[in-house]
Each structure stands twice: as structure tokens, then as C-alpha cells.
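In what follows, chain A forms one complex with chain B and a second complex with chain C.
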Partner chain A sequence: MAKVLLNDCSPDASQILTDMLKDNAEVVVEPFSEQREITEFNLVILYSESGDDQNILRKIKNLHFRTKFRNIPIILLKAKSELFSDQPYFNFGVSEFMALDEPQPIFNQILQGYLNPGRQPLERELIYLTPFIESTKNVLSKMALMEPEFKGVYFKNSLRILGDVSGVIGLSGPTEGTVIITFLWKLAQRVVANIMTVKENEINAEMIHDGVGEIINMISGSAKKSLSAASYDFQLSIPTVIVGWGHELGHPDNATIAVLTFDVGDQAFVLHVSLTQK
Partner chain B sequence: MENTKTDILLISISQELIDFVLSVLDNEGYCVHIASSMRDALSAIDSNPVGLILCGTELEDISGEQFLSYLKKDPRRESIPFIFLLSAESQKELSPKRAIQLGAENFIFFPAEGSVIISCIMDLLKPPQKSQNPTSSSIGNDSKDLQANIIRPGLTQSEQKYITERRTEKRERFDVPIPIEISRDTKNWIHGFILNRGKSSAMIETSLRRRYGDDIYVREPKDETGIVVTGSVIHVLLGDESKQIGFGVVFRKNNNVLWHSFSERLMNKTKEQPIAAIRRDFFPIAAEVSRDGIFWIDAQITGCDLLSASIKTSILAKPQDKMILKFERHSIKNIVDGKIKKVELEQNEFLSKIELDFAEDEGWFQLYNHFAVIAGPESSEEEKCENIQKKPQPNEIMIKSAEDLNIKKSDSSSSIRKGPPLKKPESQNKRFYLSLIGRKMDNYEVVSFINAGGMGGVFKGWDTALERDVALKVISWELSSQEEFVKMFLKEARLVSKLNHPNIAQIYYIGNSNGIMYYAMEFIHGHTLADSLKNNTNFKILQIINYLKTLCSALDFVWKNDIIHRDIKPANIMVTGSDELKLVDFGVAKLDKKDKMQKENKIVGSPLYLSPEAIRNQEIDNRSDIYSLGATFYHLLAGTPPFYDNSCSNILYKQLNDPVPPLKQKAPQVPGYLCNIIEKMMAKSCEERFQNYQEIIDCLNSSVC
Partner chain C sequence: MNVIIADDSKVVRSIVEKAIKPLGYSSFQANHGGEAIEILEKMDGKVDLILMDWNMPIIDGFNAMVKIKNDFRFSSIPIIMLTSESDDNKVKMARDAGAAGYIKKPFTQDELLENIQQVIKGL
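Here is the complex of A and B:
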């Protein structure tokens, strides 16, 4: 049975959600806590009545940190629909923004949509995902002297990057797509410091830029060799490094976006792989 | 064919060459226009009766070779004779042989004698009568004063007089274009800029489209005085690829004085204000930026002026770096090169606020103009948001209830839908569909989203049990929350699943996963006829006849199983890789029986293809599908639907009342018998239509034989 965490919910909101989810989910109602382990949950719903946006955004970001890039949708729930843009919430990591005054059928259907179990990669997807998993582990172990542990793969509907720094590389040719590695700042500093053999506190933005760009270049280059044997041919673009939180990249229509999650000690990073064969 | 045009366009970047050729042509009495760039040259061709082009090997923006290739691909300009002006040095880049291969009529080597030039020209352009008073005009070249008159055959005396006056009028050009507002009806005002002005005329750059002779109203931006000057368009200014970028305006006699004082005041005002004063700060406009032109990152434009823009993006960059900005919306697609002036990190240190300088890219001016329009000070926040949202397409609208439908000829503001605005359920549906991507529903894995229609969203799925691709159709939350619809859907979907026909996409399974209703059906590798229409595919008549016969046979099979499809349209007909047709989407199909379900108070279908009896919510049978099939094939043959309007209610009004526009007029290549068949399929009264599909097939067979 799925597990749902309700944070900061008013009694009314808790009641409505519990009634709605009781048939297919175990619901835990708690006040928001910055230390709470949330990786055991399948869905987190954060309720907010106040208009203190900075505080809400801070909580969303904190929740996202604690998901460790796992497939745990965060839904922001408000009492009433708002006319202003919900974009900032999405940029900070919510998967969905909902209001209690929305029609109940849609409210229910969206919740149920997120509660459906995540799908497993198809055999044909594993053909191109496996080389990326292997090359990520190899590159980080050889270049950064770290042993990343592959934790799993899930698929999502947009290329929104929720991390501090990302290295992006475009693939073109008979196979096209995008590969993106995303780190939180602290881990990026550690990885780049190890690669450049300097101390972490000596790392500056320029070094992060060069280091992360080089990592994604090496991962993609190494995977390219294995993939060309599996008839996935492509050319690599020059890597681009993005620093920021919650930005969305374009990707081909109908393309699947696989998110490969890795743990390094108590920290995590992800590799987004979106490939389509022409 | 005889060349009836009289003028010569001389294109070169060499002033020496221009002076020499001009002196030769002036002596012979030719009217010559001069240009040095492609943009000026195209503008001259479109504004003057240019009968011959003399062109050097290099223009300011492209090479002469590229310019000639461009002209030869343009049906409106390809017939203008073209002579290359070559020199010994330029031969390395362009040989005479290559010039002729490209389509040039002749070439002249320089240095050349005047008599050689004239003899080459006389072969291609009739010499002017000696009574004419020759002159030359310069476009984009301020050094040439326009002194003499131009006499052109075929113009009335007053037109001759006007052209003479306009050409001889002294014009004042501005380094910084003067912002104004213009309108065609004094209600909606659009931003524009005065590029130059005369005593009674002006050249205005704007995105407003106007044609020769149209009236135009000009006023001051943020007008407080109430002064509006009226004029007429007398010249259309064209930019790259012949897109209209502005026009010349002449102000009426009684407005001349008003214009003069008006433009004086505007000029004085602009002089007082530095450029920064016309800076605009507005709600963020979404765009993309790149450092290499390959990889694009989202950005938000938060303000701009004539030379620069403020953007917010996450791309890492430093001052003096090159950055490319791409904006693609509202049919405007522009890519402009900029240089970073200043970088500021936002408070959270993840977003950079960048000041980009576009002084070196002329394309920025067009974008600035466009932003000025969508971020105009007079529009409210809501209007601004609407400006950047797509309008719903009429063929995507689903009509909810017959009671909501007011079948009267109405203006486009009338709405069929009552209650909340249309965009809300649409966005809710989209949110719902997005929540399913990467999830599992029973035995089916939701791989990717394909599209959404009025009835539901379609996904590409994978059947884990049978290991095959499937198409998953998830019913929209609106419909699945109506019990009556769900019952009807289940009942009819069961029936449709039994339809076993090579041209009908099979339904494999109907399911309900966590309250989400869906069905799995055959996944077809191919495209829809709607895609073909979008791509302007040219169908062969025989191919269309075969398609029609195939669909008639498939629909005959459906009808004989007591089912009516009710949503026949190009988007529901798929063409496989082997050119086979598949009829899809029986989501709103219904039983052709008079049971309780028959009398529902809903109209479903696509207005562009809906039969009159379906619109009136009368009982329908297979003849309603015949009408929709006729409308679909009308669209395929004519390239446009039989009835079209921006307003859904107007389309329905036309479906009910207007006669079908003769297909032969829209598509003369279609044989008469096929036009007659399609028009009979679309008869208003079902009694006058074909009564069954076999009749159509028989009629097609007998006509083709």
C-alpha cells in the first residue's frame, strides 16, 4: 500500500485527504519538520493557508532535499485556488499545485495518478540506460575516487532540473536527446575537488563549471562507445553547465525522460537520460 | 514574354562602380534605383516596377550569388532579368559560367565601356523614351539627393504628380526612431516608430499590417492630448523574406499642418529623453538563451529598451561574453546576438540577472517592437497573459450540452461553454495526464504522452503481460466523473472491442486503475490524416478515392454492428507505414438503437465535421457519419474544411444553414463526379444524402470505370 505524508494540514484538509486516500494509501499526518526522513513515502502533500510565499518555498526546497532525488512527488495544497502564477512553486520542486476548492473529481484523479506505482524500464530502454549507469559509476570512481551506488530509475514528464548545478550535453544524429547530470552544490564541490585534487573550500564557480562539464562529457563519451555497438549512434554537443534551481529544458515531444538516481555516502545525484531514435 | 517594367535596380557596395554605371544609365534616360543590401534591394523590387537587376558579386549582408539563388526561388521575382557585374578579382569567387548556371541572363566585366553596358541592357529592357526625364533614387543611401522627376507609363496625372512631390520632398531621418502609436480603427493602438518624416509624409516601422491605400491613425504614445493624425498608406516597407515591417504614410491635406506640429513635438520630446527613458519593464516574457546556438536554456526577459534587455537565466556567464537570445511565439521567430554588459546574481544566488546589449544586431529592433506590443502599458495583467496564450482551435472544442448551444449567428465573443473559462478544465486535464507519465496502470506501463483531445488523453504504453506496444486512452476527468457517460462508454466500448476489421484499431482492454478509467488499444505506427493536412501533403485523386472506399467499407462494417462512430474527422483516421487506413477513437461511439441511452442531452464531436442533425441533437444514424466523412474528405481535397470561422458557434451556424461551398471552386483539379459525391454526402437533409456506405462505394466504382 502506498504511503502518503501530509505536512501542516489543517483538520479539514486532513479529513478530506484521508477520506479520499483511505482505500489505497496509508496516510501519516504530521507538522512540517526539517529533519523528518521522507524517502519511505510515495507522496508528500504540503498544506499552506498563509500567504508567506518565502516560507512555503523554503519548505518545498527542504522537502525536495530530503527526497534525495527519489520519485516522491510533492504536492502543494492550498485552501483556495489563486490567480497568480504557480510557476515559482514548480521551480522550487513541487510536482503539482492544488487547491481544496477545485472540483473533487479532478482533485481525486490527480492524486490517484501520482499514487499509481512507478513503472519499470522496458527491456529496450535498459539497452541504452545500462551503459549510462556503468559509465557514471566508472567515471566517478576513476576520476573522483568515489563509489556511487545506483539506486534506481524512474520516469518523469518534464526535464525540470531540481538541483544546484547541472552538466548538460546534447546528443544529435540518428539518435537524439539529452543527458544531464545534476548535483547539489555540496556534492558538486566534493566531486570537482576530488577530480582537480584541490581542497573543497578552494573550489569556485569557474572550477565547478569546468569540472561538471567535464564529468558529463566523460560519462556521455564513455556511454557512446557502448551504445554505438547497440546501434544507438549519436554525436555529442559541447557540454553546457547550468547553475540554478528548478529550470526546465526542452526535450523532444513524446520522448521518455529516465531519471537514474545514485547515492554517494549520505548524498545523492541524478542522471537524466532522454533518448529517441529517429 | 515582353518585359513591361521600366526601372533598373543597381546593387553594389562599390561607390565607384555605382557612380560609373549610374552616369551611363542616366544618359540613356533609364530610371535607376540603388541598393547595397538584400533588404534594401527586396524593398526596391516590391515598391517599384523593376525590370532589370544589375548586381555585383558582394552585397552588404550576403553574396550576389546567394541573392540570385534567393530570387530564383521566389515565384514573384524569379522572372526579373539579372545581370552580374564582375571584375577580374571577383572571378575567383564567381565565374561567368557559374553566373549563367545560377540563372543570370548575362554578365558584364569591369572595367567596361558604356556602350557595352547599354547593349547588354537593351537586350533585356526596352530603352526609355527620350521624352522621359531620367533620375535615380537611392534606398538606404542618404548621400543621394532625390531631385528629378520620375515618369512612368500607366499612371494617372494625379498619381504622377504625387510621386513627383513625394520623391522630391525633403526627408528627415532619425538616428533614434521616434516612438508613436498607430491604429487602423482608433480603438486598438499598436506601437510603431517613425523612421523618417517629410512635410506631409512619414515612414513608419511597425508590426501592424496595412496595404496600399488603407487609412491609418497616428497618435503620441501614452496619449493625453487626444490629437490623432489621419493618413493613408502609400508604400509598404518589406524586410527580409518579404515580410511587412512597416509602411510609408501620406497625411491628408487638412492634416498636413497637424502632422507637422505633431511630429515636431514628438521630436522635441524624444530629444529631451535619453534612450533609457523609453525603457520598458514588464512581466517576464519567456525566451531561450544559448552561448553556442546549439544548446538552449530557458530565460525570462524582464525589461528592455531599444538597444538592450534585462534577462533572468541560470546559465553561467560573465561580462563581454556572447549570448544568443531566441524568442519564438506569436508567429514571431527571432534569434538575436547580444553581448553581456552586466551580470548580477539574484538573492538565492542561483539565477543570474543579465543585461544584454543588442546594439550590433538589427533583429533586436523587431523583437523590441513586438515586446512593446505585448507589454503595452494599456493592457491589464490578465490581457497580457492572454496575449501569450494559444487560442483554442475550433476543431478541438467539445460541446457540452445542447442547452448551452445558442444556434444563432453571433460574433466571435459569444461562448458556447457556460461556467468556468475553457482554459481551466483543459489545464486540469493536462495536469491529470502528466501525473500518469512513468506510472503503471494494471498490466500497462505508461511510457509517454502522445496527445489530448476533448474525450481524453492518449499515451504510448507497454503491455507487460503480452509484451507489445499499446495506445492507452485515459478518459478525461470531466467525462469520467459523469456516471451516465461512464456507463454508456463501458457498454459501447465492449461492443467496439468485438469489431474485428483490418481498418479498425482494436480495443484490447478496458480498465479502471485507482479510479482512472482507460482502455488499451492497438498501437499504430503512423500518422493521422490531420498530420498530413498540417504538413500540406498533396494527395493524389486515386489515393483519395481508395481511402474513401476503404473507410466506407470499414464504416459499413461498424454500422452493420449497430454502432455509429460520431467523431469521424481527419485526426481519427490513421495512415500506417504501409499506407493502410485505421479508424480510431470510438470513445464517443454509440449504439444505433432506440434505447434509453439514445436520448442524451449532449452533442459530441468536432464542429468542423458535425452533421446538422447531430448539432440539433436529433436522432442520428449512419447518415450522420456519412456527413462527417464527406466533410473530412472535403477537407482533404480542398485543403480547408467546408465551413470555417474563428467562432465555434458560427461554424455550427454555417453547418446548419449555409450551402456547402462548391468543391470544384476550391479544388479545380478534383473530378466533377468526386465533387458531386462529396457534396451529396454533405447534403443538409439526411434524406438527400447517400443512405448507406455501399451506395457511395458503388457510385465511386461506376464513376471511376
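Here is the complex of A and C:
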């Protein structure tokens, strides 16, 4: 059964949501807490009766950090539609914003949609995803002496990336696409410090930029041999690095975007893989 | 020993430099193949080893190696490709073009040093 976390919900909101979700989800009602582990949930709903969006955006960003890049949608719920401002809620990690005064059938339908588990990777997708999983673990293990744990894969249609720094590599030739690794700043700093065998506080932005580019280069390069054996042939581009929260990237038309999540200790990073064969 | 480290990643140049320093090697850093050739010219060919990445801007490592191997002043200098290109075709291409060694990224410090020493021994 799915698990839904309701944060900061008023008694009325909790009642309405619990009634809607009770048949197919276990509902946990709690005040917002910055320390709460949330990766066990399938959906998080943050409620606010106020128009204090700065505080709400801070909470949403914190929730997003705690999803550890997993497929855990965050819904921002307010009592009335008029309480929403023109804030870029999506840029902070919100999947949907809704108001309790919206027609209940629509409201319910949207909620149920978010509870649908995503599809599992197809066998043909695993053929090209597995080499990337293995090479990611191998690169971080050999270069940074870290042992990342692969946590799972899900699929999405857009490439809005809610992390601090992404290394991007383009693939061209009979197979084309993009492979992107995304970190939060703190983990990127730790990884690059380990690679360079220096202390974290000696790592500056330029080193992170350079190091993250090299990591995605190594991941794609070392996956290439296995992929070539499976008839996924491509050339690698020179890697580029994008810094800044909420960046968006292009990807090949009609290509599925696979999101591979990894944990390193109590932190997480994510690899986006999007390939098509001509 | 004078060693040129040609890689567009400063992080990689730094870790390679750190790894070979205890062996008493002096390193010279190039950001791309063209810079590696410039260093060779400046040093009048007095270089004992070149560690060359493959994918670099301006002049990539493979093309730089071909230029070096075709220049009688530098052609005897051993070049080790140090690259994330892992497929066998690339390894063969590099060997055929005169690479003395091929180190695949990611690498451990031991793997790096072992490969360098094998190439040096074979000279």
C-alpha cells in the first residue's frame, strides 16, 4: 500500500485528504520537520493556510533534499486558490499545487494519479541502463574511494533538474542522447575532495566544476565498452557542467529519460540517461 | 624524468602529478593536445614520457599523438593514452598509431604507476 505524508495540515485538510486516500494509501499526519526521513513515502503533501511563500518555499526545498532524488512527488496544498502567488513553485521541487476549494472530483483524480507507481524498466532498457549503473559505482569507488548504493530507477518526461551541479555529456552517432550526473553542492565537494585527496574546505567552485565534468566523462566512457557490445554505438562529446538550482536541459525527441538514484552514506545523487538509436 | 600530462581536466592533471611526484618525475601540464606539442617544442623534445587524454578541446589526444609520432624530432617519446574511452576499437587505434600504453579511466594510483613503470621498463 502507498504511504502518504501530510505535513502541517489543518484538522479539516487532514480529514478531507484522509477520506480521499484511505482506500489505497496509509496516511501519516505530522507537523513539518526538517529532520524527518521521507524516502519511505510515495507522496508528500505540504499544507499552508498562509500566503507566506518564502517560508513555504524554504520548506519545499528542504523536503526536496530529503527525497534524495527519489520519485516522491511533493504537492503544495492551500486552503484557497487565491493564496497562491506567482512564485516559481516548480523550481523549488513542487510537482503540483492545489487548493482545497477546487472541485473535489478533479482534486481526487489528481491525487490518485500521483499514487500510481511508475513503471519498471523494460528488459531492453535495462540493457543500456545496467552499464551506466555499474560504471557509476566503479568510477566513484576507484576515484573517490566511495561506495555508492544504487537505489532504483524511474522515468520522467522533462529534464528539469533540481540539484546544484550537473555534469552533462552528449552522445552522438548511431546512438544519441545525453547522460547527466547531478549532485547537491556538499556531496560534489566531498567527492572532488576525495578524488584529489585533499580536505573538503580546500575545494573551490572551479575544482567542483572540473571534477564533476570529469566524473561524467569517466562514467560514460567506461560504460561505452559494454554498450558497444550491446549495439549501442556512440561518440562522446566533451563534457559540460551546469551550476545553479533548477536548471533545465534538452534531451532527444521521443527519448525516455531514465532517472537512476544512488545513495552515498546519508547523501544522494542522480544520473539521468536518455538514449535513442537511429 | 620529464613528463607531460595532457588532460583538459585540471583535477586529473593534479591527481596524476601527485601520483608521479614521489617517483621524482617533473611534470608539465597541458590543457589539450596543441599545448602538449607547444611544450614539446619549447623543451626541444627533452621529454621522457607523455600521458595523453583522448577527448580534449582544440586538438584531441589522438590527433596530437599522430602529429608527435610523425615528427622525427619527437617520434621516439613514449605516449601513454590516459582516457575514459574504453572500447577495444579505440585501444587498437591508439596502439596502431604508436601509443606505448593505454590506461583506462577510472584508474587507481597503483594502476597508473604500474602502467607507467611497465612502459618505462620496456624502453
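Just so it is clear, the second predicted complex is superposed on the first by the 271 of 278 C-alpha atoms of A that agree within 3 Å, B and C clash if a C-alpha of one lies under 4 Å from a C-alpha of the other, contacts with A are read in each partner's own complex, and residues count from 1 in each chain.
The definition used in the following text is that a contact is a pair of C-beta atoms (placed from the backbone, for glycine too) under 8 Å apart; a residue touches a chain by one contact, two chains touch by 3 or more.
All figures in this text were calculated on a predicted structure; none of them were measured in a lab.
With the C-alpha superposition on chain A as described, chain C and chain B fit side by side in the combined arrangement.
In the superposed model, A:238 makes contact with both chain B and chain C.
In the superposition on chain A, A:13 contacts neither chain B nor chain C.
Looking at the superposition, the partner that touches the larger set of chain A residues, chain B or chain C, turns out to be B. In the superposition on chain A, contact of A:143 is made with chain C only, not with chain B. When both complexes are overlaid on chain A, the residue A:255 reaches chain B alone and has no touch with chain C. Contacts of A:180 after superposition: neither chain B nor chain C is touched. Once both structures are fitted onto chain A, a short way to say it is that chain B and chain C open up an angle of 90° at chain A, using Cα centres and rounding to the nearest 10.
In the superposition on chain A, A:38 contacts neither chain B nor chain C.
Legend: residue contacts after superposition of the two complexes on their common chain; A:210 is shown touching chain C, with no touch to chain B. Of the two partner chains placed by superposition, only chain B is touched by A:118; chain C is not. Nearest C-alpha atoms belonging to chain B and chain C sit 11 Å apart in the superposition, given in whole angstrom.
For the contact definition in use here, the residues of chain A common to its chain B contact set and its chain C contact set are 238.
Contacts from chain A toward chain B in the complex involve residues 24, 71, 73, 95-96, 102-103, 105-106, 108-110, 112-120, 122, 154-158, 164, 168, 170, 205, 209, 237-238, 240-245, 247-250, 254-256.
Across the complex, chain A meets chain C through its residues 138-139, 142-143, 192, 195-197, 206-207, 210-211, 213-214, 217-218, 220-225, 228, 236, 238. Remark: chain C residues 8-12, 14-15, 18, 55-57, 83-89, 104-108 touch chain A in the complex.
Chain B meets chain A in the complex at residues 288, 291-292, 294-298, 313-316, 348, 350-352, 425, 428-429, 431-432, 434-441, 445-450, 460, 462, 477-478, 480-481, 513-516.
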